[in-house]
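Chain nomenclature is as follows: A, B and C, assigned in order of appearance, with residue numbering initiated at 1 for each chain independently.
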Amino acid sequence: MHLLPVMEGLHSAEAFTQPFVAEFLELVRQVERRPEKFADALRGKVIATIFEEPSTRTRLSFESAAHRLGAGVITVADPKTSSVVKGETLRDTARVIGGYADLLVWRHPHDGASRLAAQFAGVPVVNGGDGRLGHPTQTLLDLYTLYKKWGSFEGRVVGILGDLLHGRTARSLAWGLTMMGASVVVLPGPGLDWEPGFESRILERYGYRLARLSHSLFKEWTGSEQARVLEPKGLVQGRLFQGDAPIVERLDALYLTRLQDERGAGEQSAGVFPGLKAHQLQAPILKDTFFLHPLPRRDEIPEFVDADPRAIYFEQARLGPIVRQAVFLAMLCSEHYSLPPLRPLPSGDAEHSMGACPNPSCITHFEGMRPPWRVEGRIRWIFLCAYCDTALQAHYVGCRSSRRVHPAHSPQVPKIRPENLRPFADRESAIAQGFRWGGG
Amino acid sequence: MHLLPVMEGLHSAEAFTQPFVAEFLELVRQVERRPEKFADALRGKVIATIFEEPSTRTRLSFESAAHRLGAGVITVADPKTSSVVKGETLRDTARVIGGYADLLVWRHPHDGASRLAAQFAGVPVVNGGDGRLGHPTQTLLDLYTLYKKWGSFEGRVVGILGDLLHGRTARSLAWGLTMMGASVVVLPGPGLDWEPGFESRILERYGYRLARLSHSLFKEWTGSEQARVLEPKGLVQGRLFQGDAPIVERLDALYLTRLQDERGAGEQSAGVFPGLKAHQLQAPILKDTFFLHPLPRRDEIPEFVDADPRAIYFEQARLGPIVRQAVFLAMLCSEHYSLPPLRPLPSGDAEHSMGACPNPSCITHFEGMRPPWRVEGRIRWIFLCAYCDTALQAHYVGCRSSRRVHPAHSPQVPKIRPENLRPFADRESAIAQGFRWGGG
Amino acid sequence: MHLLPVMEGLHSAEAFTQPFVAEFLELVRQVERRPEKFADALRGKVIATIFEEPSTRTRLSFESAAHRLGAGVITVADPKTSSVVKGETLRDTARVIGGYADLLVWRHPHDGASRLAAQFAGVPVVNGGDGRLGHPTQTLLDLYTLYKKWGSFEGRVVGILGDLLHGRTARSLAWGLTMMGASVVVLPGPGLDWEPGFESRILERYGYRLARLSHSLFKEWTGSEQARVLEPKGLVQGRLFQGDAPIVERLDALYLTRLQDERGAGEQSAGVFPGLKAHQLQAPILKDTFFLHPLPRRDEIPEFVDADPRAIYFEQARLGPIVRQAVFLAMLCSEHYSLPPLRPLPSGDAEHSMGACPNPSCITHFEGMRPPWRVEGRIRWIFLCAYCDTALQAHYVGCRSSRRVHPAHSPQVPKIRPENLRPFADRESAIAQGFRWGGG
């Protein structure tokens, strides 16, 4: 089962490719320069915005984009009036609204909802933010904001500061920046680091390695002077040497985020959440640093910073509709604005014995479904929930061709072709299904 | 007082006529075939969707239709923000919003609200579902879905299954199908039959008669192998003979509905609500049966049925905006897309002594009004609430011309001309108003 | 700090000028006469309606206007889904949404919110009603409704009846009518008079004086036969003589309002709220009186009045979108539909020691801000909160040029040039800031 073909939608920053992003940013630039050229591009089309979580600004940004292209907009902005009240599955809702509109923008509280919806909608689905996992148009917007300033990402060093655990924008941006060749300084607030498995997927995908940099400012933010850095391998060899972590001299941009109270964060970090302080603004490391923030902000950025030329978060917000215009154009007018393909996710399959998805926020739990899986990895196969990207319990892996089953870490397993993979949580299930023991 | 002139709005399937529906279905076909032709048909017009009950899908379907015709849409989707909070009558709301838009789509929790709104709005009102009584555009959509498959309704046999008591779509569809010449097999869940007065109005209007058919499958759904059938009189003569009810051999379509929890159903039928089961799909009676459902569904149709070619409920949903485009065209562009007139409802009158409407959900109770009446019937006059179609208490009927009053069942009463009718709940009221006793 | 430049938005009726209103009313007349001419005037523009207080009719009226001009509309209608939930300031919300749309219509529960939003939005802001202070487009609508009937306001006498304390429409209309030369008879319900400072600002601005008129009907409405009248000075000299207040012979219009329960009114006037009664309709004083009402109404106007030709409140409502079309045209198409400038408000300044704004509903309290001030007045300076127009505590006034401070009532103070004003709540603060005592 090939779940997520190219251009069926925009679900996560992980599906971006460097050529896709590069051409996309050029398309945004065209839209920004000559908006009048696109005023009727979607005349006669209808775009649905379905926001099952409150998010006024994201919704308005998408809707503004649709109107600027001449599309009609139908919208569900109040979760309480949605069909969920009548006990409908997301699958059915996607099928029905997919019959009413030419493209769906979907924001949903549960991880993987956008991908699930895309399977059933029959029209492209754009993830407007689902659960904790992804917010890809925000990433495109963040990248475009920096692209306008820099023209290129290579050699740039970007700090990502704050709630990396609950915030989807930080996560998605890390994918985007590393894809484009920038280095990412990971600056989580205390107790708010992202899970290690996330970072290692990035490192593997883009040939990056993990280094360490230090700066006294980092201690004010994270509690430690040292910070992890995701760096292109070439770069690191030139910079990292024996002994202490080198002191970083400049950040080209600092991406601040707020504490995601509404995602269950809060108590653990109250009162020590990192942000910009007046005295920090004079630090040489921040001399030419652009400050970005997905907004809304709280205390991370005091209001007096707004007038500082390094503060570009309101310009960033203003670019939101323009970037989303380009998203709509690429999806609905591909004959005129074709882009390189998104990264096709490897085949998924619902047949397995790996049990339920271990992520309690995964959409599969709310849809009464077993999680279909897909595989990632080069050195060894990692089995992920095809919707929410959480690793599934695959302690044993069988080969459909040889009908043999092996422990997951067996050197035999990487030799199995993807289309022959059959994962199992335990050996007994494999045997029960007619697989023979193939050894470790 | 002539309450509801032709084309002042679309309030109930009872106002349809066979020529109206026949030409309407052809108009829908035109819209479906050449949507681009209609993209600017309503440019410059504004359509208001007022949903005082949650119904995301119906609202979006209407709004999508409006956008596809180039109209602007203003919408009230959250009952709690409406003027009702400020204590306004529906009459005033209709007048005001009628000044803002060229057509109103109104969904309201109380029976007859759409007709009442149409009296005051000054622009056409389309019933988007009011109370338990009607949902006429859903009926047009249901009919068009079958029309696409069949081309004609004559000789077709359609089962209507589930919650006939609370569901307005089932009720409206029964009117539509019998009008178009199909037979309707009435398959209510236990305790969920519609009230008998409803059925007898259909029989009288279209010259149908009530027959019985039996099938073992019916027992799984309704608790009885026998089911009532509304059949054209000609047909029945050929099929119904002495003794047991004949066994029906095929259903051309089966219209499933869900239990209408939000309308007060629920406890009486929990757990035994009828729907499709896996083993039933092989039954010969369902061999060429199209399955329809107004959606959202619950357990009436298991998800594995979706891939069955007989399942056309998602196609049905997809046709919603197209059918509603045709509704808007017929109402707002009648110079180009004129249709045969709707059935004009006989004159109504607010002058009577029949007391309040016995239907506690009737809009009159919430508007502080006495119910105006209209008359139905050929053999004898039935006095109905002009808004919600509930029978009023008319035990005595006077003649304004002769100034005489008779018992309602008197053979004198059918001789009174409609414009001279004056109904009374009791004899004393009639005498008090100067009527003389005319005898039984 | 010049807070509120001309045409940066439409915030309060106080900023209107007679030439502005006169030409505006002519523009409305053009729109009403030839609506088709304006159908594409705003094609490609996006208008945002942000309603942080429920007001269905006002929102729909603005949105209908936008659609009739071909603009796209993005809307926030449910306060609970707004960014406020995420703890964002109005300043930030204004900045962000100002980047999404070409014009913002903002309704907000707190006084002065519209002006504050306009400072940060970067695009024009139209006050859709904020707190208790203003609702300028309603006033333009009220004036246009009368202008259609009369052609001119001079010599007209208009009663304003009901809740003058909490209602913003009554307050704004009083400004508009006096600006245009009409006399206003002030008819508050018991305990519902506006505050005196408000009236005196009107008198001073337009060279009006306060007179008294009497009529027995007034007693039924206000509890007293005598009523205050705001009259052009010329008029009064001819009419007011010694002894009792003269009896007014006619009202050209009567503007009724409802009790503003949702603004905290209620208990003090329950049951005695003034409105039209059947017997009053025959009174000679009301013979040629147009009845207006901003709607929704309650019991102020019984429904049987609706059919009376003097009742024009539904026509008034119908004109709402047309008037708002003209507002949008004047603001977004000023090259074609330029109007005389609004009255520029004098410069404001955030530097002072007058403490917090005494108005507990002022937006400054909810934004954590000190109130910037502006000055009003000819004879002596009155220091007002630049957002909500409430008088601030300026017991001492310094001159930045002479560095001397004086008691506010000193004859020296009016001689200080506006740009040198520096208000203080107390003498000590002035001395502490280096001002010398300049005497009384």
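Assume a contact is a pair of C-beta atoms (placed from the backbone, for glycine too) under 8 Å apart; a residue touches a chain by one contact, two chains touch by 3 or more.
It should be emphasised that the depicted structure is a prediction, and the values quoted were computed from it without experimental measurement.
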Checklist entry - Between copies chain B and chain C, what's the superposition rotation on C-alpha atoms, in steps of 5 degrees? => result 120
Item to check | Residue-number overlap at the chain A/chain C interface, same or different (half cut) | outcome: different
Item to check | Inter-centroid spacing, chain C versus chain A (mean Cα positions, whole Å) | outcome: 48
Checklist outcome for this item: In chain B, the residues touching two or more other chains are 73, 77-78
Checklist entry - Inside the complex, what are the residues of chain A that reach chain B? => result 43-44, 46, 48, 71-74, 76-78, 80-83, 85-89, 91-93, 95-97, 99-101
Next on the checklist: Touching residues of chain B toward chain A in the complex: what are they?
Outcome noted: 35-36, 39, 51, 54-57, 60-61, 63-64, 66-68, 73, 77-78, 258, 262, 295-298, 303, 314, 317-321
